[in-house]
Every structure is written in C-alpha cells, then in structure tokens.
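Chain lettering (A, B, C and D) follows the sequence in which the chains are written, and residue indices restart at 1 in each chain.
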Amino acid sequence: MIRVVVTSAPIVLADELAMAEQSGALATFTGMVRADDGVTELMLEHYPGATERALEALARVAFQRWSLSGATIVHRVGSMVPGDRIVFVATSAAHRAAALEACAFLIDRLKTDAPFWKRERLGDRHRWVEPRKSDDASAAQWQL
Amino acid sequence: MIRVVVTSAPIVLADELAMAEQSGALATFTGMVRADDGVTELMLEHYPGATERALEALARVAFQRWSLSGATIVHRVGSMVPGDRIVFVATSAAHRAAALEACAFLIDRLKTDAPFWKRERLGDRHRWVEPRKSDDASAAQWQL
Amino acid sequence: MRVLYFAWVRERIGSAEEEVDPPPEVDTIAALISWLAVRSAGHAAALADCDRLRAARDEEFVPLQTAIAGAREIAIFPPVTGG
Amino acid sequence: MRVLYFAWVRERIGSAEEEVDPPPEVDTIAALISWLAVRSAGHAAALADCDRLRAARDEEFVPLQTAIAGAREIAIFPPVTGG
C-alpha cells in the first residue's frame, strides 16, 4: 500500500504508525524543524499537484525496487516552529535490509525530487534555505 | 539519552515513540514475527543481565560514534505470535544520515552481539532458528 | 500558457503566476526565462541567473532546454529544499 | 563455578545451570566444554561440536580459548539469533 499526504496539519506519529503497513520489518524516518542559528519559524512552500505527483512517483519506485509491502510519505507544508515534524517516511518489507534501504532512499530523494522550498524566519528577517551539496550527493548515490 | 528495555510485555509503538528523544532527525526500526513456513509461535529466550549489558554497550557505541541525542532499544522476550513486535530501535540526531546509519547499525549488531535465541513452533513441533550468514555479514560491515 | 513562480522567484517577481503568450521563436524554457526577464525589474532580479533556476513542464521536473510547445503550464523556481 | 546453558544446549542437557568444580588442568572454556561433555548422554549431545557453540564469561561474550580461572559464571550456548 502506498500512502502520500501533503498537509498543513501537524504530523502525529502514533496515528501515522497505526496506519503504516507492518509486515516483518518497518523502518521510519521523521524530520523535525531545528532551531539552528536562532530560527523561530519555518515556512514550507510547495507546488500543489506536482508535489503529490513527485512523491507518489518516488514511492512507486521504492515499492517495486525493494518489494515493499507498504510505503508512506507525509510531508507538512505551511508555517512550523522548531520541534514540529516536517516529514515522516515509513517503509515496510519482509526483511530489514529492504525496509531500511527504502526508507533512506525515500528521504534522500524527496529532498531533491519534490517541489518544496523552505524559508526560515530569524527574529524579524527571513531567508530562503539554500540546497546543500551533500543532499545532491546523497540523492545521487541511489542509481535508478 | 540511552534507553534499553528487555521485556515480556507487548511493544507499543506509540508509547515508545513518545519516549524517544526527537531532535532534528529520528529513525526507527521495528521487527515483527513473520508467519513464514507456517510458524504459529515464536519463543525468545535470553540471558538475563548479559542481554541488557550487551544492548547498553551497543547503544553507547552508537551514541558516541554518531553523536546521537537519543538511542532506544526495546527487545521483547518470551512467547509471541505472528504480527507481534520483537524489537524496536530508535535513534535521534541533528542530521538524517547519523540517525539512519545508527539505526541500521544497532539492528544489524544486536542480531549478532546480544544473547537472544529464537525457537519457532510449527503446529506441534518446534525448531531453534539457525543464525543466518547474511546477519554475520551485515554486522561485520560496521567496523568498530 | 500559464507560468508559475515559487519561493524567491515568486517573491522577487511579486506574483505567483501569470498568463503569457510568447512568440514562436521563444521555444524552450530557457528562452522563455530570457523573454520574461525584461518584463520588470522584479522579473530581471528573479530570472537573471539561469544556473540558480529549475523548471517543471505540466507538473514534471524538466531541464531548461525543454521545448515549451504544447505546454499548459511552466513552473520556474529555485532548487528545491524539502524533506 | 556456575555454568549456564541456553537454547538447544540447555534443552539437550536438560538443565539451565549447574555448579561445577573443574580440576586445574581444565583451564579454558574449550577444555571445560570437553570436561562437561562426558557427564551424561545429554551433555554429550549438547557439547559435541565446539564449532556450534559460543560462550560468555561473567556475562561478557568471549572466545572459547578464554581462561576460566577466577570466573564466577560461564555460559555456553549456540550462536545468537535475536533481533
């Protein structure tokens, strides 16, 4: 089962886990807003329609490549504060290596393949987050 | 924070997640009993005292090596049925690579470094699970 | 043809989308970007540096060299930073 | 000295632990295993093949060549299969 959600509502881990397929091995990743450099707010902008499409394509690739029984991607958009969950990924498979690898693949690739943009607020000024070279490198290691 | 639990009680994911340190990036792994080959029951035997010691040593290694903010290992023992959760691992760090790698390290290494033994029941007979060569290989890739 | 802008491209242009009707010689997304850049000071600031821009054609990520003929919607934006 | 058995080693021996007092020439865990193996048919069945056995000395995994002098507790068991 593939589940992709882009939402402005908070991500509740207990609810997401209850919905995630669980068969043999379940790997999850949760990304949270950090208060680095005095960040007080994170605004996530996205490209409605294209975002869901990109995430679903990514989930389908992982599903086939690792013979998953379940793949979940929940990405929050809009305004968040430090500690809020930005993204949740869950992958389920018969064996642990498949679940762990597919989970790492999804989080690495959604950072480069899905149309999201982060804007940080620091007190009364804001700045757009620059992409990190290390993100490109992490995404590139997963040959398709 | 390091949390190691060996218990005969069911593992409740929502409770474990609520207790897990969450800072920036949180990776989790959950292993469940599979009904392969008609397995109807899994009995987990362990070496009380030595088990906790081995798991805590492993958690401490991961904690330092990946500068984690949190490491949780919960391992169930006793009688379980297909679908029951055997093991839960959670690792938390500022960045995703550290959390994901430490989580994979812990699940790979606890399969070879902690004194647990699995006995499967299939109808009216039982058999001790043989260690898998692939588990040794997975554990060996994490040079210490 | 609808053109969408996101993130600081949108901010500098001061608009999230516009309807445009480029002449036939504007045949790729890169050419469209050059053609749009002269519309205003905001457009110029947003679209000056193609190296910092990415694009989608009808909701699909594509290179800037991609043709625009037949497209309903072109999106122009900075490199993505989700996850 | 206390000796603990786990999994099929325990099952074959029919006991989870025993107190033993090996002679001085029984100086390593491997020697202890050979010395214990003649105690009963169950011991023989459990302890015949050292390649399939692992051990801990005072709750710490150690090679079978490890000395037993001063140990409080030696555990003998098959390769572990947790996780």
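Going forward, contacts are C-beta pairs under 8 Å (C-beta built on N, C-alpha and C of every residue); 3 or more make two chains touch, one makes a residue touch a chain.
Please read all numbers here as calculations on a predicted model, not as lab measurements.
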Open item on the list: Between chain B and chain D, how many steps is the shortest route if every step has to go to a touching chain?
Closed with: 1
- [ ] Could you pull out the chain whose C-alpha mean position is farthest off from that of chain B?
- [x] C
Task: CA centroid of chain B to CA centroid of chain C, Å - done: 49
TODO: Round to the nearest whole Å and give the separation of the Cα centres of chain A and chain B.
DONE: 24
TODO: Would you mind pulling out the distance in Å between where the CA atoms of chain C average out and where those of chain D do?
DONE: 73
Open item on the list: Going by the contact rule already set, what residues in chain B reach two or more other chains?
Closed with: 31, 96, 107
- [ ] For chain D, write out the residues touching at least two other chains, lowest number first.
- [x] 83
Task: Every chain pair in contact, whichever chains are involved - done: A-B, A-C, B-D
TODO: Over in the complex, which chain B residues touch chain A? Could you list them?
DONE: 13-14, 17-18, 22-32, 34, 83, 94, 96-97, 99-100, 103-104, 107, 138
Task: Contact footprint of chain C on chain A as seen in their complex - done: 31, 44-47, 49-50, 53-54, 75, 86-87, 107, 110-119, 128-131, 135
Task: Residue numbers on chain D that touch chain B, as the complex places them - done: 4, 6-8, 10, 56, 59-61, 75, 77-83
